[in-house]
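The next part holds the structures, each set out as structure tokens.
Shared chain: chain A. Partners: chain B in the first complex, chain C in the second.
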Partner chain A sequence: MLGGFSVGKTSLVKRYVESIFSDSYLTTVGVKIDKKVEQLPDRVVSLVLWDLAGEDDIGSLRMSYLRGSAGYVLVADGTRRSTLQVALSLRERVEADYGAMPFVLLLNKSDLKEQWAINDAELEDLRHRGWWVRASSARTGEGVEDAFKDLAVRVTR
Partner chain B sequence: MSTSTATLDWLLRLCPSDSAIDRKNLASLLAELACSVEPGLSKGDIPVRDPRLEQLRTLLFGREIEALSRLREVVENPEEFAAAVGRVLHGAIANASSDERLGPVLAPALERATQSSIRKDPGTLINVLYPLIVPAIRKSIGETVDETFQSLNETLKHSLSWRGLRWRWEAWRTGRSFAEVVLKHTLVYQVEHVFLIHRHTGLLIVHVAAKEATSQDPQLVSSMLAAIQDFVRDSFSGVRHQGLDTMQLGELRLWSEQGPFATLVAVIRGNPPETLHETLRAVLTSIHAERSRTLESFNGDSSGLGDVEAQLLECVALRQRAQRTTRRGFPWLVALIAGALLLAAGLWGLRSWEDARHWDRYISQLRTKPGIVITETGRRNGKFFVAGLRDPLAVDPQALLLGSKIDPRRVIASWASFQGLDPALVLERLRAQLQPPASVTLAVADGRVVATGTATPTWLARARSAGRLLPIGAPEFDLSAVRDVNDGPLSKLSDAIESRSIHFDYDEPLPPPGQNATLDQVAKELNELATLAASLGVRTRVTLTGHSDSTGRGTFNLSLSLARAEAVRALLKKRGVDPDLLAVRGAGPLEPLEVEASDAARSVNRRVSFTVGIGEQP
Partner chain C sequence: MEGLPASVAQRLQELTYSQRSVAYLQIDEKLSLIGSGGHLENYGLATVRVGQPVFDEVFFLQGLLPLLETPYYVPAVELVSGRVADLHLHNEGASVWVVLLDVTSERDAARRVQQKAYEMTLLQEQEAVLNRRLEAANAALLVTQRELEASRQAVLSAHEKLQRELAEAASYVRSLLPVPMVHPFAADWRFVPSAALGGDAFGYHWIDAEHFAMYLLDVCGHGVGPCLLSIAVLHLLQAGALRDVDFRNPGQLLAALNDTYQMKSNDDLYFTLWYGVYQPISRRLDFGCAGHPPAVLVDPDAGAAQLLKTKGLPIGMMPGVRYPSESLIVPQQRYLYLLSDGAFEVERADGTMMSFDEFLAMIVDPASSDASDLDHLYQTLTANRGSEALEDDFSIVRFAL
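Moving on, here comes the complex of A and B:
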């Protein structure tokens, strides 16, 4: 789980799995790990989710936590444009260090429609690049299951 | 190498010398070709040595021959050939690296190369290996030192306790070192979980747990462990190639061993010996040796790693149980023995204290006794001793000991004799010397020895002389209160008795009835005398002397006088007088009372007279 500060990564993970470790790991070690077993049509996949502490300062990201990962979820806050930029630069950073790997981009907080700051044209543009982009809401659960499931399918492809 | 030799041979074969060309065959082939073009031509026209053949060959293969000769030059010129091989060598090796035979083939050459490099300059190789070897050596030394300290700590901790003594006994009995025995008993541990974690991804390869052990989802735990390893590595510089070896939380320890592709993490409860590091490392090394490929390309699918699981299960079986036997409840036997020992010590102490008390009491008692001077007292070899001076007449210390609750066998006494001047002792000495009659009482009064009562004149005389002979400084011997027996009622009574006499008729041995009143009187007085003498403690003896008159023969008179005395004694006895008090004798006519000038005088002489003797008791 990658994304800027306070975009809702932890909430998304919480929506998706029942955590066993406390959130304090994020502030101490900088990562919180959860697991979800996803039943795909042809196989069973265990997703081990590393929820990395969100920083708007990309330099402070512990890149070593991405070592060996099979894919990632990029999260931005749909009500704050800047977080999309953070997410995009995070993606660049990851690709530079670890090469291309499957990812999904979630624009979170889709329940706050009236504060939405990203227009559909922009999203279309991203989708044209072949990206899997969705609006999601950790509050309502919209788009969450799909995003993880899609990632599970793609990382095991 | 064999492949390259073969290629070379092949290349060389491509460029045979001219002589090797089958000219004959070539000529006939050309002739046949010519015939097919020009059927009229006869075969065999072309001579074998025809230079046109060579021309033809050049025409046909000129470029190839040129290429071959260039190749030949390259191959035959070592420098050029080396340069050519050098250009492709890395690629060739890279291609061949998937071939398992490459390693063994290269190994001897590499070994020789290494040897020669070391011979030439060991420094080069040292520099190369330094970053690898030093951390390994440091770690190994660190573990050894830890092990030593652990052993030392435990040894010190237990060297003086009761358990420590027991373990010393065990070490002595089993012939092992004390430290070894201490570690055996104190290092109680159990390997509860073993995680084999893929280093690159942090994914769990295999997890095994002891039967009773529980934990969170092993996959999450292993990821978290990997994260924490990364965290530590990232946070502190200088440990990039090392991992977190040990984590400890209460009695739970996490020991991890890093391999090239996988990390082995053991969760241990208790106090494991440092040597366990080595065991874990050995397991990890063996897993790497056997499944290196599988580990390297691990993608999250652990199926087919069952044998690795079996190896890890061996780790989980590692444990050292507490020595239950020694902790099963209260050590009653030890407590009983200790109690008995304490009781014995207590009793001994109490007895010793009581002994001392009794001894002190005895000694102070002795000190108060006259005639005893204590000069030294104490305890020696569990026995009491006392030394001093003792008057033979003083109390017997041995007798006093009998009443003191001290075993006389435990007392050594040494007494020197002396004569004491204490009034009590002087009294004792006088009493022993003078043997005073019952009528005399000796007592101490105002520092003097005072005698009271009545005594015979002889005793009095002896007593006075003894009193005079007492040494200077001795108490005075006061005899003034002793009366002479002769001065009292005794002498009056004896006078009265002696004034009596019993008269007889002529030639009669028995007194006439008229004498009965006198006999009664005498008997009464004699009884009084006996009583009085007894009370005064003097011995009395009354002699009855029979007399006759001078008429008749002498012998007859003598026997008659004795008969008369005997008769009176019998009569007195009849009147209650103790016959032992009475002695008889016959005096015949020899002790007349009056001169026999008349019958009256003769009648007076026929009598029995009384003599009272007073003396000291025998």
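Moving on, here comes the complex of A and C:
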């Protein structure tokens, strides 16, 4: 799970693994590791999820956390425009160090659409570049399960 | 521990082992768990089974093994148990050792600081967003304010222009009014147009050597339109410009005016009119009334008033109307008042309306020594209203017959 701070990475994992959501914000330091067994149409996959501390300073990201990863979830907060830039930069950094691997970009907090700060044209542009872009809400669960399942399919293909 | 006395090195090992809750795992090249020990229970690993595939026992090592780099360090890993460990991995022969050192308290301390910093940053971001919205709202408000100010100026300008036009129209009406006269009998008047300019106009003139016309009209509505009609009628009366009409006969004149000024061809305007013809030698007064307030003949000595009124619709409301005339011989020492409704339909400050009877009392009551004074009459009305501005034109003409 990669993204700027307070974009909802931990909440997304909690929603996906435990099906719960909490409004209180507790920042992640280091990494939190969870596991979810996912039933795909043709196989069972164990997803080990590394929820990394949010970093707006891309240079301070510990790349050692990414060793051995099969794919990643990029998370941005749809209500904070700057977090999309952070996500884009993180993705460049990961590709530079580990090469291309499957990922999905989640625009989180879709339940706050009235405060949305990222326009559809930008997202369309990313999709045209072949990105998997999804709206999600850890609060309501919208798009969460599908995003992780999609990624599971792609990393095990 | 090179360079440290054995006792210190020993103490350090003891401290690290107890305070860092040291635990370890040993994995062989087939990725089987071949050894474990230390404070495994601290990390939720008390039940790991030696001899089993390591990923079945310790799922978080997936991706880290086989070890590509030694030693390898993964800091601050929060495990399912809730404890946080630094993971130190290194090779020794064919085995990989994983050493876990508890850093939960350090992580918690770092998190408290980090949390404060992030919350502060979030607040600053929210403040910046709010400021931008506030600035946008302010800018929109300024635009609206400027538009409002421009509209206000336009309205003010239009109002001032209208006021000038109304004042000019009032001035023109005034210029058409006759001058007060004293011979062979006195005639005096007061005309105070309302702010919005009503449709009052009046006049008197000799039709011939024996017949003296006196009249007061009031066009419905306010503004320049009614004013123009009142001026047109005034001109017509002054010029006697109605073919085959005897201006000495009030009933005939009113009927002719009614046929000439039908409201459907005059922008829905109609007017009321009191018209009289006085013969000083015989003291005969013929008069007719088209929906107008009655003229008042006052005996100042007796304090009595006689209302001079005939039946008749306002001019212009319906074609073909007949207007009766009446006549009387005016006794000596009488005042004749012509007036418009604006002279008595006055709303007081308390919201009640002054009645016509109250107006009559003002002009006939001998106790009011100044009651016949037209200026005093106007001042009394404005005092009743509580304002200098009357809602309608104030027009009154007094003849001392």
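Worth pointing out:
Methods note: the second predicted complex is superposed on the first by the 146 of 157 C-alpha atoms of A that agree within 3 Å, B and C clash if a C-alpha of one lies under 4 Å from a C-alpha of the other, contacts with A are read in each partner's own complex, and residues count from 1 in each chain.
In the analysis below, contacts are C-beta pairs under 8 Å (C-beta built on N, C-alpha and C of every residue); 3 or more make two chains touch, one makes a residue touch a chain.
Everything numeric here is computed off the predicted structure, so don't read it as measured data.
Of the two partner chains, both chain B and chain C are touched by A:Ser46. In the superposition on chain A, contact of A:Val29 is made with both chain B and chain C.
In the superposed model, A:Arg80 makes contact with chain C only, not with chain B.
Within the superposed three-chain arrangement, the count of touched residues of chain A is higher for C, of the candidates chain B and chain C. Within the superposed three-chain model, A:Phe5 lies in touch with chain C and out of touch with chain B [touch as defined at top].
Of the two partner chains, both chain B and chain C are touched by A:Ser69.
Looking at the shared chain after the overlay, A:Asn119 reaches neither chain B nor chain C. Where the contact sets of chain A with chain B and with chain C meet, they give residues 25, 29-31, 33-35, 46, 48, 62, 64-65, 67-70.
Chain C meets chain A in the complex at residues 59-60, 62-64, 68, 72-80, 84, 107, 110-111, 114-115, 118-119, 121-122, 125.
Chain B contributes residues 198, 200-203, 216-217, 219-220, 223-224, 227-228, 230-231, 233-234, 300 to its touches with chain A in the complex.
Contact residues of chain A toward chain B in the complex are 20-21, 25, 29-31, 33-35, 46, 48, 50, 62, 64-65, 67-70.
The touching residues of chain A, counted against chain C in their complex, run 5-6, 25-35, 46, 48, 53-54, 62, 64-65, 67-70, 80, 82.
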